[in-house]
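We call the chains A, B, C, D, E and F, going by the order they appear; numbering starts again at 1 in every chain.
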Amino acid sequence: MDLALEFLSTFAQQLQKPTLAFLFGGMALAALGSRLEIPDAVYRFIVVLLMLKIGLGAGIAIREADPADMVLPALAAGVLGVGIVLLARVTLLLLPGVRPEDGLATAGLFGAVSASTLAAAMVMLEEYGMGFEAWAPALYPFMDIPALLLAIVLAQMARAKAAQRVAVPAGGPARPRPKAPRIGEILADSLRGSALSALVLGMVLGLVARPDPVFESFYEPLFRGLLSILMLVMGMEAWARLAELRRVAHVYAVYGVLAPLVHGAMGFGLGYLAHLATGFSAGGVVLLAVMAASSSDISGPPTLRAAIPQANPAAYVGASTSLGTPIALLSVPLWMALAEILFAL
Amino acid sequence: MTIPAIKLTIVVERLLKPPVERLLAEAGLSGWSVFPGGGRGTRGLHRAEAAQLVREFAIVKIEAVLTDRATAERLARTLTEEYLEDQPGIVWLEPVEVLRGAKF
Amino acid sequence: MTIPAIKLTIVVERLLKPPVERLLAEAGLSGWSVFPGGGRGTRGLHRAEAAQLVREFAIVKIEAVLTDRATAERLARTLTEEYLEDQPGIVWLEPVEVLRGAKF
Amino acid sequence: MDLALEFLSTFAQQLQKPTLAFLFGGMALAALGSRLEIPDAVYRFIVVLLMLKIGLGAGIAIREADPADMVLPALAAGVLGVGIVLLARVTLLLLPGVRPEDGLATAGLFGAVSASTLAAAMVMLEEYGMGFEAWAPALYPFMDIPALLLAIVLAQMARAKAAQRVAVPAGGPARPRPKAPRIGEILADSLRGSALSALVLGMVLGLVARPDPVFESFYEPLFRGLLSILMLVMGMEAWARLAELRRVAHVYAVYGVLAPLVHGAMGFGLGYLAHLATGFSAGGVVLLAVMAASSSDISGPPTLRAAIPQANPAAYVGASTSLGTPIALLSVPLWMALAEILFAL
Amino acid sequence: MTIPAIKLTIVVERLLKPPVERLLAEAGLSGWSVFPGGGRGTRGLHRAEAAQLVREFAIVKIEAVLTDRATAERLARTLTEEYLEDQPGIVWLEPVEVLRGAKF
Amino acid sequence: MDLALEFLSTFAQQLQKPTLAFLFGGMALAALGSRLEIPDAVYRFIVVLLMLKIGLGAGIAIREADPADMVLPALAAGVLGVGIVLLARVTLLLLPGVRPEDGLATAGLFGAVSASTLAAAMVMLEEYGMGFEAWAPALYPFMDIPALLLAIVLAQMARAKAAQRVAVPAGGPARPRPKAPRIGEILADSLRGSALSALVLGMVLGLVARPDPVFESFYEPLFRGLLSILMLVMGMEAWARLAELRRVAHVYAVYGVLAPLVHGAMGFGLGYLAHLATGFSAGGVVLLAVMAASSSDISGPPTLRAAIPQANPAAYVGASTSLGTPIALLSVPLWMALAEILFAL
C-alpha cells in the first residue's frame, strides 16, 4: 500500500519535469498547427553536442573506472539488443498483416537505442539525485549495434528464402537486383553515422585527452537546455508521424505502445541482476531499462532504410517516432520509481 | 553559337546521394550540382529547412548537364529501375544549351 | 523512350507557399519539390541564407513536373492573376521529359 | 534643474549600454558594406530562445502572482493597442499621399509589439537594477493582437466601402477577388506564428511544469548574449530598409520617428495610472511604455501582408524596421529616466 | 497563350556572386533568383550545407528568366570568357515559357 | 639537460590539451569517412562569436592600456607580415615548379593570420596560466593585412612584367583582361570580410561601449567550447584538403610544414626583442609567434582568390589548410615551452 503510494508520488512528480513538459509542448504545437520551427542546422548541431557530451562524460569516467565493473552491464546490453529482435521474431512477425521486412525493421529500431531518450533519462536522474556510473551511457552501442545488425541479417535471410521459393520468372528482362550489403559494411556505415561518430569521438577524447575544462565549462552546462529543445523537436515529429502510422496495420501502433514497456522491464530485470552480481547502481539499472525501452529515432532509420529498402518506413519509423519514443520517455519515471522502491528494500 | 546539351535532374532523399553520385562518376560525367530542399510526393511530406529527426530522409536535387543524350537517358533509366521503385524520388530530362562543349 | 512532360516553376515568398501548395494539391498533382533561396526583382532584394527579420518574406522555389500541359498552364495563369499582381514572385513553364508517365 | 540633470545623466549612461551599442554596430556594419552575416538558421533559433525565455520567466512568475494585480495592466495594454490604431486613423490616414491600406497597416505594426525591443528593455532594466513584475512581459499579446486585428478589420472595411463606390465594371472578365479572411482565422494564424507560439508555449510550461532548473541553467544565462546578436541583426536590417523607405511618401518616415515617442508617452501615462491604482512597479511602467513605443518587426509584418495584400510593405515594414524599432530602442533610457524621477518623488 | 523566353543558369562560387549580379543588373535584367548548393566538377568537391572553412568558395546557382535571347547569349559568353576560364563554374541556357512578357 | 627535460615535459603536457585533441579528432573522423557534419550555418556563427569575443576582450583591454606599450609589438607584427612575404619571394619563388602567382598567394596566406589558431593559443595560454596583455590579440590585423596586400601587389607586378614581355599577339580577338583591382579596394574588401569585420566591431564596442557584462556572461564562457567545435571543423577540413595538395608540386607541402616553424621562430624572436625593450609579456611573445606561424584559413583565401584569380587555390589553400594550420597549432606548445624557459632565466 505504502509502496504503491510512494510509487505513484515519484511517478507523478517526474511527469511535471521540464524534459517531459517540452515533449508534450512540441506535440501541442504540432497539433495546433503552429509555424514554430527549429532550424535543421541547429537541430543537427544540438544532436552532435549532446552526443559529444555523453561521450566525453563516459570517456572521462571510464578513465577512472574498473573495467571489470563494466563487463556484465555491457553483456546485458548486448543480450537485450539481440533479445528484443528475437522476441519480435516470434511475436510481431507472426501477426497477420506484418510483412517480414517491416516487422524486422521495426524490431531492429526498438532493439536499438534512442540517444535523445537516453539523454533525457540522464537529466531526470540528475535532477532527482539518483546516481549512476558515469560510464553507463557508454553501454549505448553495445545494445544498439547488435540489434540493428541482427534485424538486417534476419531480413536478408528472409528475402533470400523468399527468392528461392519464387520460381525462375518465365522470361522478360529480370529487374536488376541490387546485392545485399555485407555485415561489415553495415557495421562500418552505422559507426560512421553522425550520432554514433560523435559519441565514439567524445569517448575517445574523454579517455585519451584531458577535456575536463571544456566539458565542465561548455558541454555540461548546455546539456539540459539543448535537451529541452531536442524534446520540442521530438514532440513535433511524434505528432507529425502519427498521420503516417495511421496508414499502416494497427499492429504497429500496438507494438509501439507495448514494446517500450516490455523491453524496459526486460532491461530493468537484467540490470537488477547485474546489480545483485556486481553492484550496478540504481541509476545504472534505470539507464539500462531506458535504453531497452527506447527505439532508435535518429541514426537507426537510415541504416535500416539503406539495408532493407523493401521495408516500409511508414511502419517502422512511424511506430518508433510517433509512439515508441514518447512512451519510452514517459516510462522513465516508471523505472525510477521502481528502482527507488527496489533499492530501498 | 550554342551547343545543344541535356540536363538530368534527380530528386531523391539524401540517403541516395552517395550511390547516385557514384553512378554519375562511373558514367564519366565531369560535374554536377547539388541543392538541398524539400517536397511532397506519393510517400508524404519532406520538410525543407525545418528540423527533421533523420537527416538522411531530407530531399536533395542533383543536376547534371551533359552533352551525350544517350548517357543521360541510360542514367535516368538505371536510377528509376534500381532505386525509385522502392524509394522516394523522381528523375527528369531537359534540353539545354551550353557554350563550351569540351567542358561537359 | 521518354515521355514529354511539363515543369511548372513558381518563385514566391514563403508567405505564399501554403496557398500555392493548396492550389497544386487541389489540381491533383502527385508531387512537387521546394527549394529555399533568395533573389532580386522589381520589389527589391530578398537575401538568401543571411538573417532576415521576417522569415515569411524569404524566397522559395516550387517545382512541379506534370504530364498534363493544360493543367500546368491553368495553374500558371491562376497564380499570376490571383497572387502575383500584388505580391512578389514569378512563374514559368519548361518542357521536360520523364520516364514513367504514371508517376505524374 | 536638478531633475533635468539627473534625467540627462541617466539617459547618457544608458546610451553606452551594450544592447544599444550592438544596434549601432549593426547599422555601422551595414553602412560600411561589411559582409558579416548572421546565418538565418541561427537568427531564427535566437528568436525562439528569447521568446521561450520571456514566456518561461513570465509563466513562472504568474504561478506566484496575484491575478488581480495583472488585470489593470493587461487592460491598459489592450487599450494602448487599440488606441494607437485609432489615433493613426484620425491623424496619419488624413495626411496627403497616404492610402488607407498603407496607413492602417503601418498603424497596426506600431500598435503591435516588438519582441526584440521588449527583450532589450528587460536587459536594460536588469542591468540598471530597476525592478519589474516578472509577469509584465506577458502583457505583450494583450497589446499586440488587438492592434493587428483592429488594423486589419478597418482595412477590410475601407476596402469594402471603396468597392461599393466603384460601379460594376462595364464588362470583361472580372479579376477574381480573393475573399477577405475572417477575424477568427487571422487571430489563429497570428497565434500560430513562430514568435507568439514560443512565447505562449513558454508561459504555459512556466505555469504548469517546473522548468526552473533549465530556465536558470540555460535560458537565463544565454538571454543577454543572444540579445546582443539580435541587436546586431536589427541594426543591419534597419540600415538596409532605409533605402526602401526612401521610395515611399515622407509621411512614413515622420511617423516612424514620432510615433514611438508619442505612443511610449501614452503607455507611460497609462502605466503610471496603473501604478497609482494598484502599485504597478516602475519597471513595469517602463515595459508598458516600451511595448507601446515599439512596433512589431518579426511577426506582425507577415500577418499584415497576408491579411492586407494591397498594402505596400515598403511603407509599413520600412517605417517600422528602419526607424520605428531603433527609435523605440533609443527611447528605453528615456522612460527609465522618467520613471527614475517620477517614482522618486 | 504563353510567351517564349529563355532562362540563363549560372553556377559559380559565392565569390563571383557580386560581379555576376552586377553584370546582370547592367544588362538591364529585371530580376533573378539565387539558390545555395554544392557540387562536384573538374576542380574538385564543393560541399553543400556542411561547414566549409571559406564560405566564399561555396556554390550558388543564379537563375534569370528573360525574354531577349540575344542578351542571354551575350551574358553567357561574357561570363564564360571573363570568369570561367580561371574559376570554377558553368553556365547554360534553357528555353522556357512565361505568361507576362512585361514582367521580364 | 634540465632545460631540455622541462621543455619536453611542457610540450608533452600541451599535446594532451583538449584543443589539439579536437583537431586530431576531426582529422580522424575525416580519415575514417564519418558522416558527422557541423552545419555550415553553425560554423559561420561560431567564427563570428569567436572573433567578436577576441575583439571585445582586446577593446576592453585597450581602454585601460598604455598606448605606448602597444607600438613596438604592433610594429613587430607589421614587420613580420611583410617579412614573411619577402622571405618567400627570395626562397619559395625561386624553386622549380613554382609559378609566381601561386608562390606569392601562398606567401600571402602564411604571412596572414589564422583566427582559429590565435583563439586556440589564447585558450592554451589561459589553461596553462601564462599571462598575456589582453590587447595582444588585437595585433592580428597589423600582421594580416600588410602580408595580404604585399603579396597581391607583388603578384600584380609580376603579371604586368610578364605581359610586357609577351609580344603583342599576332591578331585574333584579344581575351578581355579584367583590370587589376587597386590596393585601396583590396584593403576595404579585406576589412569587410566577415571575420575581420567582427574583430574590428568587437574592438570598437569594447572601446566605446561598456560590454563587460555581456562579455563575461556570454562571450567568455562560450569561447572555449565553441573553439573545440571549430577545431573539429579545422581537423576535418585539413584532412579533406590533403588530397588536393597531392595534386600540386611537392614544394608546397614542404613549405606548409617548414614555414610555420620558421615564421614562428621569427615571431618569437621579434617578440622577445619587444620584451627586452618594453616588457612585452611571455604570453604576448607566444601569441606573436603563433600569429606569425599561422596561415590565414578563413578570410585570406577569398581575398587572394579575388585579387589573384590566376593563382591555383589547390596550392595555396591546400598548403595552408591541410598542413600550415595543423602545424601552427601543434607549434603552440613549442613557443610556450620556449617562453617558459627563456622568461625564467
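The criterion applied here is as follows: a contact is a pair of C-beta atoms (placed from the backbone, for glycine too) under 8 Å apart; a residue touches a chain by one contact, two chains touch by 3 or more.
Please read these numbers as outputs of a predicted model, since none were measured by experiment.
Minimum number of contact steps separating chain A from chain E: 2.
Counting only chains that touch, the fewest steps needed to get from chain C to chain E is 1.
Distance between Cα centroids is largest for the pairing of chain C with F.
With centres defined as mean CA coordinates, chain D is found 45 Å away from chain B.
Averaging Cα coordinates per chain places chain D and chain E 39 Å apart. Among all residues of chain F, those that touch two or more other chains are 37-42, 44, 194, 221-222.
Across the assembly, chain B contributes residues 35-36, 49, 94-95 that each touch 2 or more other chains. Remark: the chains found to touch one another pair up as A-B, A-D, A-F, B-C, B-E, C-D, C-E, D-F, E-F.
Listed in rising order, the residues of chain B touching chain C in the complex are 9, 11, 35-42, 48-49, 59, 61, 73, 76-77, 80, 90-95. Across the interface of their complex, chain A is touched by residues 15, 43-45, 49-58, 81-82, 85-87 of chain B.
Note for the complex: chain F touches chain E at residues 37-40, 42-44, 175-176, 178, 194, 233-234, 236-237, 240, 244, 297-298, 301-302, 305-306, 309-310, 313-314, 317, 321.
The touching residues of chain A, counted against chain D in their complex, run 16-18, 20-22, 25, 28-29, 32-42, 127, 221-222, 224-226, 228. Partner chain F is touched in their complex by these residues of chain A: 39-42, 44-45, 48, 192-194, 197-198, 201, 204-205, 208-211, 213-214, 217-219, 221-222.
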